[in-house]
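One structure, as structure tokens, below. Some questions next.
Naming follows writing order (A, B, C and D), and every chain is counted from residue 1.
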Amino acid sequence: MEKTRRDFIKIAGGAAIGAGTLLSGCREEEEKVVEKRGEIPKEPVKIAAVSFLTGVAAAPFGIPGNNTFEMLSEKINADGGIMGRKIELLSKDEAGGVDAQVKLARKLILDDKVDVILGYISSADCKAVLPLSDELGDLIVAYDCGTQELMEGSHSPFPVPKYELGFRTAATLGLDNIGLALMIKKYFPDIKRIAGINPDYAWGRDSWSIFEESMKKLMPQVEVVGTWWPPLFTTDYTAHISALIGAAPDIVHTAFWGGDAVTFTKQALGLGLFDKMTVAYSRGEPIPQEIGKDFPENQIIGCAGPHYFLYPPQDKWPLNKQFVDEYQKKYGKYPTYPCYHAYQAIYSYKAAVEKAGSLTGGWPTVDEVADAMTGLAIQTPSGNITIRADHNAIEDGLFGFTKLTSKYPFPILDPERIEVFPTFVVNPPVGIRTVDWINSW
Amino acid sequence: MNLKRFIFNKRSLIYLVVLIFLLIIPFILSPFNLILFESAITFAIVGLGFNLLLRYTGLLSFGHGAYFAAGAYAVAMVGRYVPSIYSIEFLIPIAIIASLVLSAIFGFICVRHTKIFFAILTLALSMLLFALLFKFYSVTGGSDGLYIPTPSIFGVTFKRRPEFLSGPYYYFLLVIFIICYMVMKVIVSSPFGKALQAIRDNETRAELIGIRVKRYRFYAFIISGTFAGIGGSLWTFVNGHVTPDVSHWFFSGEIVYMTLLGGFFIFEGPIIGAFVFTFLKLYAMGFTEYWMGIIGVTLILLVLLLPTGLAGGVVTIFNKLKTRKVLGGT
Amino acid sequence: MEWFIYILNGLYYASTIFLISLGLNIILGVMGILNLAHGSLYAIGAFTAAWLITSLAGWNSPDVLSFIILLGGAILAGFVGLLLERTLISPLYNRALEYQLLITFGALLLFEDLIKIVWGGEAYYASKPFDILGKVDLSGNIYPIYFLLVIVIAIVVKLLTWLFLARTRVGIMLRAMSLDIEMATALGLQINRLRTWAFVLGAALAGLAGALVAPTTPVLLGFGMEPLILAFVVVVIGGLGSLKGAFIGSLIVGEIRSFGIVIFPEIELAILYLIAAIILVIKPEGLFGRIKS
Amino acid sequence: MLTVENLNKSFGNLRAIDGVGFSISENEIVSLIGSNGAGKTTLVNLLSGYIRPDSGKIHFLEEDITSASPYMRIKLGIGRSFQLVQLFEESKVLDNVRTPLFSKNGKIKSLFIPSDKYVDIKKNTLEILKVFNLSHKEDILAKELSEGDKKVLDIAMAYALRTKLLLLDEPTSGVATQDKFKVMDTIVYAIRNEKISALIIEHDMDIVAKYSDRVIVMHEGKIMVEGEPDVVMSHKDVREHILGLSENVTEN
């Protein structure tokens, strides 16, 4: 039954879109279609939320992200749901590796028949799972992973969009690493030597390549004195840290996250690395909260966009204050960037459904939601995001230096040295590869 | 003679029933379960090859994932670097060659040993391949693995994967599976197969009757590895993605488990094991987050209580019933 | 003087790997079993230690207690090893090798989930012992004292194990058993009890290794997988069942990793497997392998 | 057909074989007796190529095989059985004999033809089984045979390779006393039937006396006496050193 009804709606929806685009402006035609299918199912809308619930990435990323999904679903349900339908949230674990995630996504779509998957922190998982959206015909929204390769083709300009039904409601790692390069140019104009230590998979590799390209353009005199690629979840970084100290760079670039960032930072403290160089953490925003007051001061931290619990200042942007307060009340911690990313994902979906639904009157099909999501702009606790034609969101980039204050039990971003790079400075134009764009500067 | 004919007929009847069942599967199963079923078929092919070593040559490989990976990565690499020949009729032969070459290299090292040494060596070598696939990020995609696009079959292309998997690919897979089944069936009953069993039973004696023990182990290893490679290449199309995990010893352990679950004493055992394992794992995963524990406990119970596996257990019960009947008759 | 620190890093890494592979090799040598669940015993040691330290943090206990409590990891792992050997492995002594290998594989899967049930899915981070000891200045290079402590402990364990095997009755019998099980049976040694001894000892060593690593990194699910593989590499390089092999093999692995990361950062761990493979081709029984197939 | 000249082999200080020379003619059954450690098994190992002599020569059918591999010797026609039976325990009796036949006929590499399609070889196998009194047991597993049948099968396997000379290391060890003659009857019948030669290591003097054409007595690595059974048995040194001991010796 379910299948036939859905199919029917899909066909009808296709007709509606067809009619809508062909006869845009012709209201009569449109209303006729609306009448035909102004139906909203009674059962809840099934949203699968996939984040790390176990393992080393759970505490700093997966759990905050999933908490936010839960908190916001409750909030949306309390306010009447999406077009009257309550959200049924299926929280799933992202652990187990790429292959397990491909299988899980297939099960969610084909067996559980979810309406949308909002998920994925790991870039590897994103790259593996997003192709399933088109293959299996369901909406998949990447909410946190960073690799720019996800939506880019192999050459510029690339066909847009890459996936009909695959989206990402956050900016790419291009923003993080271009931003870091801009920070270094501004605050350390005289340095000569840089090095990189990054986890050995898509995320680490792509982060470093963007950073390296940006540095070449912005500070051509700087020399790369070494790159290290420890595998994810390495427990002993002493050899890498000693090698870094031996290579004596001025600044070390790293895209470490989660437990790797914690282990590396702790062991680097033990070996005295921070006495000799500055570390630039591309998405370091949650790490000081994880480590506490031991986290060294004056290190460069990126916020994966403009996501910080103190930015935009809460007195100036009530949405952030509200979000931070609700989250802190419920979970006893300040929201970190994965929380903001989760917010962007679930509200983008809600807005897209409502936008598509308002055109047709009924519950929109997957394709209609995808259409509505393209070009969507919404307000978030961090400001605004826009989802462009390449199905990727763009946002501003926030960067700063750690500083210990008396108010918080962990270093915060030094308010004196906060930098916000506008969207167009840290995101390439639609259809242009990030690397090609950097090379065109 | 009549009795023989009767048995022959009964056996061919079973084959016929199974075949008809296999032919109508796509009309019975939901797309999701069909995909699982297809991946089970690919594992069944791997199990057939694996059991040539375990059951018929007496060698326990804990690194069969490596040859599976060879087949799978052959497909992925062609897809990445030579997309112009990304068509199933080219991909399968390429995968066969890749896994054949790899199993020849690794086999050359491993067949000098038996028992636990063989197991450890195969494990170590598969981990070597794992490390290489993992480290050479720019070539292999590292731990991210590689995306496997939907291939064309004899010039026909497909847009969405379910459409590909639920129709032509299923029957293609079925044909390959039946060929593999028959080839392996003949191999184990051929003089060559008998030679392997002789080596398994008594290496010294086998040498004495003029069998070059190491060489025959080597041949068996290559055949076994190639079957794993064929299974691996077919599996990639179902899965749509391949990562170095398939060369990890953990994955090889699953192949061993599958074979044991079905019962390695019986030719069809690994096939049954592949199907039961695939669905058991899925339903254990759906039923509880502690599915690994469930798999572990079933494995322990199997080893302790039912070492001949499911098929072996059924045969034992069947034989018991038969003896009782005979006894009752006299 | 950087090379001095590289050597120290290699020693530190070798220390933990040594403890794991020593246990693995004792079990392998005495019992002829390759214990695939060895990594889980390591993880159990790590979780126990991390959990004890974090639970202790609430009380106002003396600092030294957080070191002593690390032993809890070894003790619990040893106890789990005892249970494992008595319930699952001992019924299989007369069965084919395949079954012994598989039962340890089953135990590995089971342990992964038992750990999840007992300690939950989140990472444990108990860095207190690491933080308390602080750093020392070694001719211009700063080095954490905790790592030096781990190195010392590994050396002490090596000496104690050596003494145990050379001087005590049980130790001598264990050695006899690993040399020739039939002769040991003929001599009327209590084979089953000795097997239990060997397994518990091996398990406790793995647990100790886990407990020592726990303060330096978050302890999480799947914690035992990587060390298990490295222990395999050590065993393959050093020789199956050889205690000397475990020692030398660990040193080789530790130092190659340390210097490999400095000299060939691109390939890192792959170099270890390559060296293991080369040794397999040239000297398949390992550097100090006794058992021949 | 077999000639051994001045063969020597030492293990460390122990001179296991010390200047041994003898020959075996066609259709002859020779028994090799001697106390434990006299060097009998070492001699058989030297003849079948498992170990190499320190000096001396071994000729078989006019060919020098002193340094030939075991494999080569099998090809030339020297078969052996072991003190402990060496069967393909998990395989059927049929395959225990058929596989050697495949090997002998160069069919062993055949990969894609089921064994049963080789009708001739199967027929041949069944004939051999008949000669060895194992008919109707072809479908049971070798490990399920009685000890006596196992011994017989073991020799049938060597025989299947169309051996010209059989080296039998204690063919009746482990066989129940009452079955020993039955087993030997079967074996010797087959040997005589096919007109081949045999060198048999044996402890049981009754068996030696009944079945051998000739007896060689070894003592401390040397040949003490050789000749026809009754002559040898009545020799003074043999009575003292060998037979005096042989009652105590019940080697497994």
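Assume a residue touches a chain if its C-beta (ideal position, glycine included) is under 8 Å from a C-beta of that chain, and two chains touch if they have at least 3 such contacts.
Quick caveat: nothing in here was measured; it's all calculated off a predicted structure.
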Shortest contact path, chain B to chain D, counted in steps: 1
Chain whose average C-alpha position is farthest from chain D's own: A
Per-chain Cα centre nearest the global Cα centre, belonging to chain: B
Mean-CA-position distance for chain C and chain A (Å): 39
Length of the line joining the C-alpha centres of chain C and chain D, rounded to whole Å: 51
Whole-Å gap between the CA centroids of chain A and chain D: 79
Intercentroid distance (Cα basis), chain C paired with chain B, Å: 33
Numbers and ranges of chain C residues touching at least 2 other chains: 116, 266, 268-269
Contacts with 2+ other chains: residues of chain A: 93, 200, 229, 231
Sites on chain B at which at least two other chains make contact: 134-135, 289
Contact pairs between chains, per stated definition: A-B, A-C, B-C, B-D
Sites on chain C touched by chain B in the complex: 28, 32, 34, 36, 88, 91-92, 95, 97-99, 101-103, 105-114, 116-117, 225, 229, 232-233, 235-236, 240, 266-270, 272-274, 276-277, 280-281, 284-285, 291, 293
Contact footprint of chain D on chain B as seen in their complex: 183, 186-187, 189-195, 197-198, 200-202, 204-212
Touch list for chain B against partner chain C, complex: 54, 60, 62, 109, 112-121, 123-125, 127-128, 131-132, 134-135, 249-250, 253, 256-257, 260, 289-293, 295-300, 303-304, 307
Chain A-facing residues of chain B, complex: 30-32, 35, 134-135, 137, 141-145, 147, 150, 160-162, 239-243, 245-246, 282, 286, 289
Complex contacts: residues of chain A adjacent to chain B: 93, 97-99, 102-103, 106-107, 110-111, 123-124, 127-128, 131-132, 134-137, 200-202, 205, 229, 231-232
